[in-house]
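Below is one structure, written out as structure tokens; comments come after it.
Letters A, B and C mark the chains in the order given here, with residues in each chain numbered from 1 onward.
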Amino acid sequence: MTSTFDRPASSFLSWIRSDLRAALCFGYLVLLVLLSAAAPLITHYSPIEQTMDFLAPPGADHWLGTDDLGRDVFARVVYGTPMSLYASFLAVGVGLVIGLPFGMLAGYCGGWFDAVVSRMIDTLLSFPGIVLAVAVTGALGIGLTNAMIAVGIVFAPNIARLIRIQTIVVKNELYVEAAHSFGMPVWSIILRHIVPNAIQPIIVQVTLMLAGALLAEASLSFLGLGVQPPWPSWGQMLARGYTYMEIAPAQMYVPGLAILLTALAYNGLGESLRSRLDPTRLGRG
Amino acid sequence: MPVLRFLFWRAMQVIPVIFMATLAIFGLVQLVPGDPAATIAGEYATAENIEAIRQSLGLDRPAWEQYGTWLWNAVHGDLSNSLLTGLPVLDEVMRQLPSTLLIAVLALVIAILVGVPLGILAATRANSMLDRVVTGIASLGVAVPNFWLGMILVSIFAVGFGWFPTTGARPLTTDFWGALQHAVLPAATLATGGIAEITRQLRSSLIEVLQSQYVRTLRAKGLSPALILWKHGLRNASLTLLTVVGLVFNHTLGATVATEAVFAIPGAGSMIVNAAINKDFPIVQGAVFVLVMIVIAMNLIIDLLYTVLDPRVKKD
Amino acid sequence: MKENRACSTDMPIVTVENVTVRFPIGRTRTLTAVDSVTLSVRRGETFGLIGESGSGKSTLGRAVVCLQKPAEGNISHEGQDPYSMRPADLRRHRRQYQIIFQDPAAALDPRMTIIKSVREPLDAVGEGSVAERDALALEMMERAGLGPGFAKLYPHQLSGGQKQRACIARVLTLRPSLIVCDEAVAALDVSIQAEILNLLADLQHEFGLTYLFITHNIGVVEHISDTIAVMYLGQIIEIAPAEQLSQNYRHPYTEALLSAEPVALPSHLRPDRRIILEGELPSPMEPPSGCRFRTRCRYATTRCAAEMPALREIAPRHHAACHYAETFRDGQSPRAV
């Protein structure tokens, strides 16, 4: 039996082929990326151009109708895709950049540094998530990028906590002791041994956090703190659509479904990754 | 008594957390890019306006002094005044907090009342069709954007059937049933995430217990499955449940922010949002401060309950 | 070409002086794993260290290679004190003092190929190009009995014996002066044990290595060691050149260990009566007063409970820690000396 990291390309393909859920989720996400890149080719409507054709029902001309400012809903959904992808990845990226170093150093060094960082993690975790994100966004100034940075800050403690525990486990492994006996410097041990071995659960957590970031972006845009008009974001479209829900329900359902499906895809990928990366599968002999 | 001493010690550990939380809340203002006074003053302010604001907010004094003053005042119940309305922040927050707490607590209760039976159901029939359905719904519950669900519920139940009011809230003290009626839909919306979490966690920890060697031995001895479930299964799982409830409460309190927007409830959440948009920092800080204190208190209670219930934790 | 026979004129390669190693247990208690141990290992010899589990032998071995700092006492490597070196100097210095662990699977990073693991000590200092390091690693693997086909495999694809060979190859890349073999063959199949022991003996000849060989199996250590030290509950209770120990042991514990060694002879031809150690190993955290072995010793007297025997010289280079070391073998009641 070969390990997952043996020959990356071929084992990835075999994974996709064997796990239907993983294939579906991954395929869906690839579709989203293509949609983002090829948006102008898919719809000739501009997402921000206003017309006089308000709240038209779905039809041959406008596949999903128009919103209260006469903008084509389908176009807005399509153009909202890259926003959502950018948002999820930015938030998770910020979370990793802040959380990984702190967590790893805390786990590796132990002592007072670990105690202080652990207290900081506990503190940040006492802030209800969205509340903290809203507060930080308010301070930084509203807008998509700032909002996602705020969400990243909210994610960081969880990531730090996770990698800290993994680091502590790996730090005590025999092969790390062996590396010490060879006279390997600490930073090299961290890079060569600790990171590759501690990172596994983080990978799964990342996919779940992508879903969380997506939902957070939707919430924040819904509240007016994220993507600012006139640019579309699925969350923002929901906000507008809500006011007209009785007249034009399509506006409310489509962006909501988009968020739901994408979150499910991230989650599904995470679950599949989790069972795939399960250490008992590696079959250490 | 060692238990009391342990509880006391555990309670003391909260203090550095509270301290750091206040530091973080205070530090929010430091995050503002550029000059906070100018930002607060707005686009059309003159240099004198900005200077006046800077002085009145004490932004010209060194940071630690500002923090000290702020903390001192906070401890005495003075969370400064709103920049927009000029009214004391604490009063404002206290005025709007009950609505938030009502739906949060109600949501938690619903989540427990629905989540626990579902979790038990799924665990006792593990891997059956029913279990798969329940797990599937739980997965859905985590992925659904709360406010969207709220909107759908409103359109079906409030607008469609007219069972519940669409928006607003009633103060609990003056109009009990009215308050509840207004709170049901928002609470139901909020509860979905909690139901999903509780169902999943309870199911997995119950399955672990029910499939353990220990329980299988009891089964072989002929004990009835129901008794096993009740005595051993739930007792072991109740500790996990307690932890999950703490987490769910934390999430729920945060999620009220968006839910309040959907249902137009004037609660603490929408207060923070509006203040954030309008750069009314004292309100943001004050409201966040109050919410964080509530969460810390709740977590402490859960921690203490946990230690009391779990015999292993008391040692060492 | 290094000398490969024990040379008594050089400074010992490792000197352990009154070393004590303690571990905190919980918040209040301490475990003294190694209690005031003194010994020295000469260049080129194989120094056997035997004891049951809990005797502290592994801890001592790790202290010698700077993986466990002593609470008291000194360890010196050819006169230098590694524990007082600056970290950068220590990192360079300790490469000469290596260890092979009992569990080869745990000692290899499961996510690294064999060649990367074997090459790791060379990568640590980054000398030479990667190709040069690869070549050296492959050469050491060859010496340790692993062909180049093993290079790209992962640890879980190798057998126990093969993994241990990889660990040996890894250590060899450093051309160390001393290798501590901490129960290096205990976890392997019996047939493989012999192979690895032979490999270690060959390598000693070829590379002029010095071994500190830690084991609980007296049969193994008797045949390969030049000097043997016996440990019990953190203390050395006897230390002597190998032939002296097996013929002229002077401590009841050593007697029991030797008698327990399986001998392929019918019972009436076996030299000694089999001595079964009675009782259980006392807890290392609360060792018996006086002589620690007294609770299981057939010859114990009241003096043994009252007074801890010192490790004293019975014969040249032969020390034992027993009040009755000179006389207990006479088969009659021990007489005080």
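The rule we apply is simple: contacts are C-beta pairs under 8 Å (C-beta built on N, C-alpha and C of every residue); 3 or more make two chains touch, one makes a residue touch a chain.
No experiment lies behind these values; they were computed from the predicted model shown.
Participant: For this assembly, give the contact graph shape among line, ring, star, complete and other.
Facilitator: Per interface graph, the chains form a line.
Participant: Let me check something: if the centre of a chain is the mean of its CA atoms, which chain is farthest from chain A?
Facilitator: Relative to chain A, the chain with the farthest C-alpha centre is C.
Participant: I'd like the most central chain, judged by C-alpha centroids against the all-protein C-alpha centroid.
Facilitator: A
Participant: What whole-Å value do you get for the distance between chain B and chain C if each is reduced to the mean of its CA atoms?
Facilitator: 58
Participant: Distance from the CA centroid of chain A to that of chain C, rounded to the nearest Å?
Facilitator: Inter-chain centre distance comes to 52 Å.
Participant: Measure off the straight-line distance from the CA centroid of chain A to the CA centroid of chain B, and report it in whole Å.
Facilitator: Taking the mean C-alpha position of each chain, the two centres sit 22 Å apart.
Participant: Would you pick out the residues of chain A that each touch at least 2 other chains?
Facilitator: Touching at least two other chains: none.
Participant: Would you mind writing out the residues of chain B in touch with chain A in their complex?
Facilitator: These residues of chain B touch chain A: 16-17, 20-21, 24-25, 28-29, 31-33, 39, 139-140, 142-148, 151-152, 154-155, 159, 250-251, 253-255, 257-258, 261-262, 269, 272-273, 275-277, 279, 281, 284-285, 288, 291-292, 295-296, 299.
Participant: In the complex of these two chains, what residues of chain A are touching chain B?
Facilitator: Touching chain B: residues 119-120, 122-132, 134-142, 211, 215, 218-219, 222-225, 235, 238, 242, 245-246, 249, 252, 256, 259-260, 263-264, 267 of chain A.
Participant: What does chain C use to touch chain A in their complex?
Facilitator: 65-67, 90-95, 97-99, 101, 103, 105-112, 117, 120-121, 124-125, 154-159, 167, 170, 174
Participant: Please output the residues of chain A touching chain C within their complex, sorted ascending.
Facilitator: 1-3, 5-6, 173-175, 177-185, 188, 192-193, 196-197, 282-285
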